[in-house]
Amino acid sequence: MPSLLIIEQILNGLQFGVMLFLMAAGLTLIFGVMGLINLAHGSLYMVGAFAAAAVAGATGSFFLGLVAALVAAAFAGAIVEIVVIRRLYKAAHLDQVLATFALILIFSEGTRWVFGSFPLFLDIPDAISGPVTLPGGIEYPLYRLVLIGIGLAVAVGLWALIERTRIGIQIRAGENDREMIAALGIDISKLYTLVFALGAALAGLAGALVGAIQSVQVGMGEPVLILAFVVIVIGGIGSIRGAFVGALLVGLTDTLGGVFLPELFKLFMEAGAAQRSGSAIASMGIYILMGLVLVWRPTGLFGARA
Amino acid sequence: MNRRVLGAAAVAALCATTAMADIKVGMITTLSGGGAGLGIDVRDGFMLAIAQSGREDIEVVIEDDQRKPDIAVQLSDKLIQSERVDIMTGIIWSNLAMAVVPAAVNQDVFYLSPNAGPSPLAGAGCHPNYFNVAWQNDNLHEAAGAHATAAGYDRSFILAPNYPAGTDALTGYKRFFDGDLAGEVYTQLGQTDYAAEIAQIRASDADSVFFFLPGGMGISFLKQYADSGIDLPVVGPAFSFDQGILQAVEEAALGVVNTSQWSKDIDNPTNAAFVESFQAEYGRLPSLYASQGFDTANLLLSALERAAPSDADAFREALRAADFDSTRGEFSFGPNHHPVQTIYAREVIKEGDVFTNRIIGTALENHSDAYAADCKM
Amino acid sequence: MIVNERAINALVIAGLVGLPLWALVMDEPFTITLVTRAVILALAAAGLNIILGFGGMVSFGHAVFFGIGGYTMGILAYHAQTYTALDLGAFTTGGTKSMPLIWLAAMGLSAIVALFIGLLSLRTSGVYFIMITLAFGQMFYYFAISWAQYGGEDGLSIYVRNDFPGLNTLQPIQFFAICFALLCIVLFVKARLTASPFGLALNAARQSGARVETAGLSPLRLKLLAFVISGAITGLAGALFADLNRFVSPSMFSWQLSGELIVLIIIGGVGRLMGPVIGACVYVALEHVLGGITEFWHVYLGLILLSIVLFARGGLIGLLTGKEGAHV
Amino acid sequence: MSEPLLETRTLVKSFGALKATDNVSIDLRPGEIHAVIGPNGAGKSTLIEQICGGLVPDAGQVFLEGRDVSAWRTQARARAGLARTFQISALCMEDSVLENALLGAIGAMGASWRFWSGALTRPELRERAEAALERVGLEDEHDTQCASLSHGERRQLEVGMALTLAPRVLVMDEPMAGIGAGGSKKLTELLDSLRETAPILLVEHDMDAVFALADRISVLVYGKVIATGSAQEIRTSRAVREAYLGQEA
């Protein structure tokens, strides 16, 4: 296989990874600070994509669509936090799983109620569509490069937010010791709403960005949600750094596994069968990766040691 | 899951009509969750035809399978055991059809398929009470292969999800494609990112691309393909270029050739009337699925004119005759009760603000399917 | 409103016997099918409840065993019906259509897989346990989808229900009787198990692992055994479910199904003997009734589930008896 | 002098730069109560965890009745007769007092792989549990839910659960912590009566109890044993006074 193709596939894996990071960062932040398992995070991704598609469709501006995605997802997140999630912080994981599972049902069918059963249209703005030629002669879609850029920028921004700002200090305090922040005179419920809305906004942003090159439809959030969970479990729940490393690992494993496993199988199998078995194993690849990581380190790569 | 829709009955006459209904049709289709759009179209097309017939003695019991095989099986039990329907129809997905149809037809119910046509039901598993009014699953892919050959392509890159319908699709394409393969890729079911596959296409020496990626998968692929800058011609079955889906893809699909047994510009009076009345009734353009639902209902109505389902043999003969005006023109059944029909090549165009299809040629004339020989009936 | 838990249990059992009999008299076979579905789901959830309610392990991948049970039935019956040999490496069999044999195979295979998954998963706890079991579920799901030999995503149809000596399993009421009898047996065994030294130790392991170790017991072994028993019971339910539908498909492995099993238990009451039974009955009834009212019934189902979590800790049994259930 | 039932030899355990246990060698002989005292952070809990199997020492061994149990897990040591109580009561709060006591009996009698008979109805388990509860004065609380016990009663139950194991050695981690003067007196009497059943390694902050009970006392400071001796010797030890009161003393 030519090396240019390999480099291109690595870029693809990277791009997939940074988008997963946007999802996983919010999920891991919410778990780290509030101790909440939020299955409804995928719904916020969907809310972002639908908001972007609706606004971009009405105004013709992709940028306004992105803003709408951020606002709508953050707003939906804040509402959900205030009405439902807030009552679950002290509840068992089991109750959290059930309640947020219920939220998925409500969000999904509610969205279908409002927007109908057909996928919506959301396209890349002309300015950043089409391929560019990279050094070495690789033709690569500009939009995907932009996605990688945005993902990395968000990662840096999050790092700065958490390490360099007052809110960041509060978030870190909340991760370490919940009683402590109360003692510091911080309004916990406001902080929690803020963190939840921030996580939701990141998910909404991911939904809108990815929605432009995928299908904006009801149920689009659940597959991504499962992947994001795999990411944060591999990285260690509560760790932003872990989420970043985990996201890239999952992105690369999934992309490269899908490409290279069938090739590998072709060495000792007939082509069609190799394709099928190779892609079958590849579809299980990230789960196998997660299993291996957890057997090796039961709290993930960067998780707090028990 | 107990929605009753009464064919052509005034709401005021609800009770009376129920009592009067002589013929009971059970429709199991997907109305909620992912893929609901297809089921809704089939239902609407079907009910339009029933309404236009003016018959008040037909009761249609409509149930939502949520695209879950186990739910579909239960609904089928319910329709047969409790509602005691004579005829069943409506299933969209092959895996649900495989779960429901064999058991249903063995309980002496007639089943008319408005969409799915899995190969076992066309071949060794065919049944006198099973009629497919859409296509055998391979048909549109075979037509795509035939079109690619006719268009002079030598090297196709082909891809489909790694599940039975996907394997069947690639097999069907290869059956009618005379050139070589530049690549054959099975993607993950439900995959949304095709960057890796697109990179492989770019790196290959293909001169054309064939894909079968139903639903959201196809939307994602088309958008990403259009953005990749690769300008190889694309061929696919109609599923990814249908009315509902095109509006989510827009320019990315322009110019793509797809194969279909129906198109809204097929020139015959039935089709013209169907397109017009569907738009008038529901305020949207009809889709492939709507046309299949419409044809299914009309086939049923034509058979009911000749015989009652209680006289199974006569009713079966009446269905087999397929004496109705189909939206796709010439239509008849082969020996395995699957359609013998013409499959067209269509091109995606923009008509005003609306993206739609236009017929550019015939891919396969009076085409049957590859499994009929295995059917002993 | 405070009701005695025993009274509720008796009422539920009476209802499960009475409703199908009434349906039989009224000639409403579908009602029997519906109750049978509830009974089988209750059985699957009862299996899960052993580890979830008594052992405190939230498995988000229990559909694995449901699916294994289903596919065991599907594969054995498929080979028996088509008269083809099933090559298992060490030996070859022609499959079977006998329900008891299928049940044994389903439980055995589920138990073996549960042992393997349990050994790996029980190294973790809390959210990690939830997620690693989910990961195993996904692995099996994707495997089943691409397992072309047995239908892949299309699944596998077994056109005729399997045999049980002396009964006509195609009669809904007779098949219901089989499922109901198995549920009763499992509930009885579970009640004994809960009261036994093993059950007491397992319950203690949920509350305080350190205490159990100090008593000279290994929490890991207790939990592992519970996981294996739990998997075997859910596997049995899977085999019955496949026979109910005469069909198996990868959706039996889906994470949504794992989620539904958890939902059933929480609706009824975590760690209660009859919790899964009540949960399954209510869930199936909701599905049936709400589905008849609106296409968008999932919204209402979601709202009902939310109110149970927020306002009825301890599930319906907890609500009716005024006692919260076990804490997980 | 009789052989020690429990003995640690040059135990070492570090956490990073901190030496939590630094060459600790102590022993426990039949019939005695050996108290380990020391200021907060002296490494008492770390020592107990290593003795009971919760932590693996970096170096050194633990002997139980002359056998090297250093590589054994907690549950194996427990089965060999090493019973402990926890600083923060680790009881099964949702269960009754009797059920908690039964847990110990089940462990001691290897009954956890019995699945059919009821735990509450097996006579040999029940007799053992009831005897232990009577010994610690909880015979009237069989059906009380643990969560509603007073703090002192929880301590009594902790001891009772240890007794169901028919222990050869008892290791107690601050049993007096958090209970009032009345409870403390009651518990002191109880422990006093136990020394003939099994010797006790007692880690305790309550100096009144320590001086009332202990036959020997070891003082642990910064992970090191700086003195071992009778109550009188410890009271007068210069090293101990320095450690507790600072250099200027």
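Chains: A, B, C and D, in written order; residue numbering restarts at 1 for each.
The rule is simple: contacts are C-beta pairs under 8 Å (C-beta built on N, C-alpha and C of every residue); 3 or more make two chains touch, one makes a residue touch a chain.
Computed from a predicted model, the values in this text were never measured in an experiment.
*Asks:* Determine the set of chains touching chain A that also touch chain C.
*Replies:* Neighbours common to chain A and chain C are B.
*Asks:* Per-chain Cα mean versus the mean over all protein Cα atoms: which chain has them closest together?
*Replies:* Taking the mean of all protein C-alpha atoms as reference, the closest chain is C.
*Asks:* How far is the middle of chain C from the middle of chain D, if each middle is the mean of its Cα atoms, in Å?
*Replies:* Roughly 43 Å, centre to centre.
*Asks:* If you average the Cα atoms of chain A and of chain D to get two centres, how far apart are those centres in Å?
*Replies:* Centre-to-centre distance between chain A and chain D: 49 Å.
*Asks:* Counting only Cα atoms for the centres, state how far chain A is from chain B in Å.
*Replies:* 35
*Asks:* Taking each chain's centre as its mean C-alpha position, how far apart are chain B and chain D in Å?
*Replies:* Roughly 75 Å, centre to centre.
*Asks:* Could you pull out the residues of chain C that touch at least 2 other chains?
*Replies:* Residues 142, 145-146, 148, 296-298, 327.
*Asks:* For chain B, which residues are shared contacts with two or more other chains?
*Replies:* 32-33, 162, 167, 188-189
*Asks:* Going through chain A residue by residue, note those that touch at least 2 other chains and give them in order.
*Replies:* Expected reply: 108-109, 112, 276, 279-280, 283.
*Asks:* Among the chains present, which pairs are found to touch?
*Replies:* Chains touch in the following pairs: A-B, A-C, B-C, C-D.
*Asks:* Using the touch definition from the top, list the residues of chain C that touch chain B in their complex.
*Replies:* Going through chain C, the ones touching chain B are 28-31, 33-34, 37, 142, 145-146, 148, 151-155, 157, 159, 172, 241, 245-247, 249, 251-252, 287-288, 291-292, 295-298.
*Asks:* Going by the contact rule at the top, pick out the chain A residues touching chain B in the complex.
*Replies:* Spelled out, the residues of chain A in touch with chain B are 2, 4-5, 8-9, 12, 15-16, 108-109, 112, 116-121, 123-124, 129-131, 139, 141, 143-144, 210, 212-220, 223, 255, 258-259, 262, 271-272, 275-276, 279-280, 282-283.
*Asks:* For chain B, which residues are in contact with chain A within the complex?
*Replies:* Against chain A, chain B makes touches at 32-34, 36-37, 40, 162, 167, 184-190, 192-193, 195-196, 199-200, 202-203, 215-217, 219-220, 223-224, 227-229, 244-245, 247-252.
*Asks:* For the complex, give me every residue of chain C touching chain D.
*Replies:* 192-193, 195-201, 203-204, 207-208, 210-218, 222, 326-327
*Asks:* Quick check on the complex: what are the chain D residues that touch chain C?
*Replies:* Going through chain D, the ones touching chain C are 52-54, 73-76, 78-79, 83-84, 86, 90-95, 99-100, 102-104, 106-108, 111-120, 122, 125, 161-162, 164-165.
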